[in-house]
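For reference, the structure is listed below as structure tokens.
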Amino acid sequence: MAQTTLKSRSRQIYKPKLARQVKEKVIEFILFLAAFSSVATTVAILYILIKESFLFFQEVPIVDFLTGTKWTPLFVNPQYGILPLLSGTLMSAGVALAVAIPMGTIAAIYLSEFATKRVREIAKPALELLAAIPTVVYGYFALLYVTPFLQNFFPKLPGFNILAAGLVMGLMIIPFISSISEDAMSAVPVGLREGSYAMGATKLQTALKVVFSAAISGISSSYILGTSRAVGETMIVAIAAGLRPNLTWNPFDQAATITAFIVQVSLGDLPHGTIAYQTIFAAGLTLVLMTLLLNIIGHFLAKTYREIY
Amino acid sequence: MPTTNLRKLRTNLNRRKLINSGFAFLGATIIAIAIIILLGLTLKMAFQGAERITPEFFTSFPSRRASRAGILSAWVGTCLVMLVTAMAAIPLGVASGIYLEEYAKKNWLADLIEINVTNLAGVPSIIYGLLALGLFVYELRLGQSILSAGLTLALLILPVVIVTTRESIRAIPNSLREASYALGASKWQTIWDHILPYSFGSILTGVIIGLSRAIGETAPIITIGALTFIAFLPKSPFKSEFPFLSFEWLQAPFTVMPIQMFNWVSRPQAAFEINAAAAGTVLIGMTLGINAIAIFLRYQLRKDIKW
Amino acid sequence: MVINNSHEQITSIPKAEVADLDFYYGSFHALKGINMTLPEHSVTALIGPSGCGKTTFLRCFNRMHDLYPGNRYEGSIWLDKDTNILGRKVDPIEVRMRISMVFQRPNPFPKSIYENVAYGLRVRGENNRRLMDEKIEDALRVSALWDEVKDRLNESAYNLSGGQQQRLCIARALVADPEIVLFDEPTSALDPIATASIEELMSTLKDRVTILIVTHSMQQAARISDHTAFMYLGELIEFGRTKDVFNKPLNQQTEDYISGRIG
Amino acid sequence: MVINNSHEQITSIPKAEVADLDFYYGSFHALKGINMTLPEHSVTALIGPSGCGKTTFLRCFNRMHDLYPGNRYEGSIWLDKDTNILGRKVDPIEVRMRISMVFQRPNPFPKSIYENVAYGLRVRGENNRRLMDEKIEDALRVSALWDEVKDRLNESAYNLSGGQQQRLCIARALVADPEIVLFDEPTSALDPIATASIEELMSTLKDRVTILIVTHSMQQAARISDHTAFMYLGELIEFGRTKDVFNKPLNQQTEDYISGRIG
Amino acid sequence: VPAVKSQSGSIIKIDGSSTVYPITEAVAEEYQIENKGATQVTVGVSGTGGGFKKFCSEDEAVRTDISDASRPIKEEEMAMCEAAGVEYIEIPVAYDAITVVANPENPIESMTVEELAQIWDPESEGEITNWSQVNPEWPDAEFVLYGPGADSGTFDGFTDKINGDEGASRTDYTPSEDDNVLVQGVSSDPNALGYFGYSYYEENQDKLKAIAIDAGEGAVVPSVETVRDGSYAPLSRPIYIYVNAQAAEKPEVAEFVEFYLTNAEGLVPEVGSVPLTPEEYQEGIARFQNGETGTTAAK
């Protein structure tokens, strides 16, 4: 090949350098801004919550807020103890998790280790539908079908109660646990599974002793996710668990959760700037801190039990 | 191997196999129970609402008389809100996903964004409602409008879109990236010509799943204050004079399907319970329809793409 | 068509006998009419070009193919002349308790060193700590790992080097006194030093068990095995004493392979 | 320390010259003081045991290592004596436009056959359909694929067989008239027949371009290359005309490798 | 309601009392049918207090044109309105009876004002929790209370008239601005007791039982007659709409208010409330047309 063609060829390809580099940089910057928008969202959430809560805590001592056993912010002698809302939140989440964790885990083990490919391909999306149903529909189920059904066995059960809301919420949370756990278990390398089968283990032994422990990080993060779902779930409890702040540990009782309180107050359309308006932000801040704490725990769990195979 | 030994081995084996089958039965039962309960409740609702699901139900506004009340303003509102949500969440989420997967260097900033996205995914939806109330309604003065609601839900599903975008991009084998670079493509060329087209389908699937979640969200919309009697439609986005597009509808008051259902659920008259059941059935139908599209897309993609 | 150019001089007692074995992955006919005997207390090597079916054959011995749908065996593998491993009524789990396996890549469980070896006993419901300690120490000694790990039995197995992990897997395979141990290219993921230590192990192991090993290295086969089987395109082409197969192959294809002309 | 036992008889014009090349994956020193010339219009083979750095070396020529963080080059590779490929101011994208690459596994884009080849032109902003048609036909002809695909240029490239896909990748690499084409074990994922057709191609290609190829098969190196470089543990041990390297290696390690004693 | 295509402009924003809501909703519905969607009306339910907070808001984006109220505007609300420069016209639209309801399974038929006060007194919180503590003849069972929230005019009216002090109430009950929630609660719990506007009882007579109230002259059950003749005491009261005087100058608002008052007589009974007399409605129209601002209700 002649030397001249080589030269001209190289000149041709050296040409568009600067324009291209500028374009690449601009695009990268735009994409960065987009990615950063999620950080901006978090900052905005914290800003709004902290700003309003700050005003709130100027009126209400933080100790009273954390230790008070009565939550009556809208009455004549308002009391701002978050404990009743907290107990409602924890109780309903507790009932839900008592349903969802065992059922979700067993379903995940079954799907990943026992089910045939066909069954898995049908059952997994079918289970995922449980999470796709709008929560307002679940609230409807809990209030109009599940509570009356439970009243057949527990005649004293009030019309609004934690139990029905929690049970239905548990049903909704199952797929968060089963799907993510199943993914984690499926990701366990075939080599480990075959190692166990080659020792003469049954499917169950392989599933529980090898696959489960190898996938523990993914499984524990599914529990964390399920928990933060349960704690933050709103419509089911707002519709079916009752709106009365009630410091109780009895699931047969009615009780308002943090989320239900926010919804209830929002329905009344509180105007900007009143203390009643600020209460929902203080309650929201509490909720965010709870879920943040859960996430941090999840992060640690994932770190300690990182999948190492 | 001595036969006594073999016999011991077999007894032990039989016990283990029994436990094994017991568990398999338990697992299948649990899955079946969960699905049957869901199916049972849904069908019960559908039967209860069936008498109300007529064409008029879709073309009537809400009314104080249950038998005349319909979901026209609700489903139109839902569609418009979803439109805003999709328009905001898709570009933002896809761009973020691309940045995180293809550009971000391993540094504290990338870690921050990454951890932040995970965290946002766990923030309860009602908190987005509070954000919207404080930010969109009061600080930015967007009012209790379709725009506020759409943006709120867009932020809510942003983590879903980001995560699925990242996963779809990650599923593209590195060999294709290297092939493109080796031909002298720049980074953006590689992304635009290869990464995006090849992951388009699965990103779309993720977005649709995100939207199907947004469609049923009630709490954040209640928080911005949308529970009202709305018996009219927002202005049409099209008009006869130039420039033919109108954005007034963005500012309009609105209601959406889950809010309408919530409204009817909390009415005590049995007749409205039927409406609520009918609206719930339609809402589930919409959600399932959207999910079915997503599943179909995913299936089509699996069939076509094999790298 | 069954080609079986066995040399006649196999002397030891047969531990297992393969008779007319065919194997199918769905419709793909991967093993074709294999007949072979596995002599007791000796090392038998399977060699052949990539894709010829060595791994497939090996995994018939502990019914590993049962784990995946669509696989089909035909023919039989007789263990001690009385049990057909492939028999319909024979439980694959029982087979696997008698015939254990070591894989190509070390695959210790994400558990402690102790628990990895203990697993072979625990699946049988063994819980007696004294007995387990004893057996585990024994297995680790035989696998030439005891001295290196005896002070850190509770550490994670993932802290070990690749070679140590593979020896751990060997200990795990040995702990419950299997009759046959199958090795599928056990050193292909290891460096030369780790490889040497595992090869050294082999010769001591055959006092306890019968060994069947797949290897892609002819040199390795020559170094460690007593008998060698050469496979090609799913068929067993030649089987005999290692030195015979390597020095005076009966079959042209074997010779081509050994001299590097094919593969 | 630079070991460079080059035979002296290299005759053709150097297309590229490697001078004191070191390469690091993070802190891992993968290439150590390599000096070599790449003769123009000829096929140069890189051989050596697995992990010796062949792929790493090859990917220095088109700056592929720039794609991943933590990689570091030292030294230089002069192209046509005037451009240092590794130079700080040289844009890797330009390098890749002049030096293209074919990978170990065929990696066509999930696009049509036509668009696969066209992509090499499109990245340069070429859009003239007539000119593209011409160049694409030419590239496909040179890659001995034209006759097989000319009637189905709009079909997906995934409908082609592995060997056809690899030839498509070669056409893609050739379409924009590169000066050097790098091949990284281009036949290792292919069956013998496909391999033969690609080997055949090589000899016709060298009229257009300079070829550097990594292969794990010494036979292949012997068959297709004009010059051979033997690498070991990140160093270039021996470099010279292929027949010299294979028949009278200067270095003991080369001889050991060629005779199968190591690797 | 048949579909009406949206075409033009103005929106009338209404919010406030849940007691008035059914009436306003019915009027809005009829008005929009008649009007073919030319004017759009939104009706929210925030409770009387919540409604006034919006009605008198400085923020125009939030401010409503009309506020539903189940009690007259309070001093502090007047001050808020003044600060925001909002003038208003007060128009009564119906009578209401705050109705005390129990589950139909509950054997109690009537209560004296004192008994009611004892149940709802702030002092009783945590102390009085059982029917029999109030009246030994009543069942020995814990009661469960439902009532409106603190933004509610009904709450203000009830506490004022029963406990003698506006806002004085025990707090360990289920509060909701949405009376439908209260109906749900009482109807699903045999030991429940609640109170809310008459129309919510009227609509749900099959699930609820109205408790007769004895203010010293014998127990009286709420009904259209007992409200009209004043014998259902002390829990009867007029209910209002408040119209922003500035907004009233807009023709569509004026048209709507007049439509409201001319059709109220027919629509009020339909939603289970007690209508005013035709003369009273005429007076209201006159007040409105004359633009008489301020409140006339005796405090």
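By letter and in written order, the chains are A, B, C, D and E; residue numbering begins at 1 in each of them.
Heads up, the rule we're going with is that contacts are C-beta pairs under 8 Å (C-beta built on N, C-alpha and C of every residue); 3 or more make two chains touch, one makes a residue touch a chain.
Predicted model only: the values in this text are computed from it and were never measured.
Novice: Trace the shortest chain of touching neighbours from chain A to chain C and give its length in steps.
Specialist: 1
Novice: Out of curiosity, which chains are bumping into both chain B and chain E?
Specialist: Expected: A.
Novice: Compare the CA centroid of chain D with every other chain's and tell me the farthest one.
Specialist: Farthest chain from chain D, going by C-alpha centroids: E.
Novice: Please state which pair of chains has more C-beta contact pairs than any other pair.
Specialist: A-B
Novice: Using mean CA coordinates as chain centres, what's the chain A-chain B distance in Å?
Specialist: About 14 Å, centre to centre.
Novice: Where the centres are mean C-alpha positions, what is the separation of chain B from chain D, in Å?
Specialist: That pair's centroid distance is 48 Å.
Novice: Counting in whole Å, what is the centre-to-centre distance of chain A and chain E, each centre being its mean C-alpha position?
Specialist: That pair's centroid distance is 39 Å.
Novice: Which chain E residues touch at least two other chains?
Specialist: Answer for chain E, listing residues that touch two or more other chains: 15, 44-45, 59, 62, 178, 181, 184, 187.
Novice: Touching at least two other chains at once: which residues of chain C meet that condition?
Specialist: 93-94, 97, 123-124
Novice: On chain B, where are the residues touching two or more other chains?
Specialist: 16-17, 138, 184, 186, 225, 227, 266
Novice: In the complex formed with chain A, which residues of chain B make contact?
Specialist: For this pair, the touching residues of chain B are 16-17, 19-20, 23-24, 26-28, 30-31, 34-35, 37-38, 41-42, 44-45, 91-92, 95-96, 98-100, 103-104, 112-113, 115-120, 122-131, 133-135, 138, 155, 158-159, 162, 184, 186-188, 212-213, 215-219, 222-225, 227, 258, 261-262, 265-266, 273, 276-277, 280, 283-284, 287-288, 291, 295.
Novice: Quick check: in the complex, which residue numbers of chain E touch chain B?
Specialist: Per the stated touch rule, the residues are 1-6, 11, 13, 15, 22, 25-26, 28-29, 32, 37, 40-45, 59, 61-62, 178, 180-181, 183-184, 187, 200, 203-204, 207, 271.
Novice: Spell out the residues on chain B that touch chain D in their complex, using ranges where they run on.
Specialist: Against chain D, the touching part of chain B is residues 105-106, 173, 175-186, 189, 193-194, 198, 305-307.
Novice: Going by the contact rule at the top, pick out the chain E residues touching chain A in the complex.
Specialist: 15, 44-47, 50, 53-54, 57, 59, 62, 122, 144, 149-151, 167-169, 171-178, 181, 184-185, 187-189, 192
Novice: In their shared complex, at which residues does chain A touch chain C?
Specialist: These residues of chain A touch chain C: 116-117, 189, 191-202, 205, 209-210, 213-214, 307-309.
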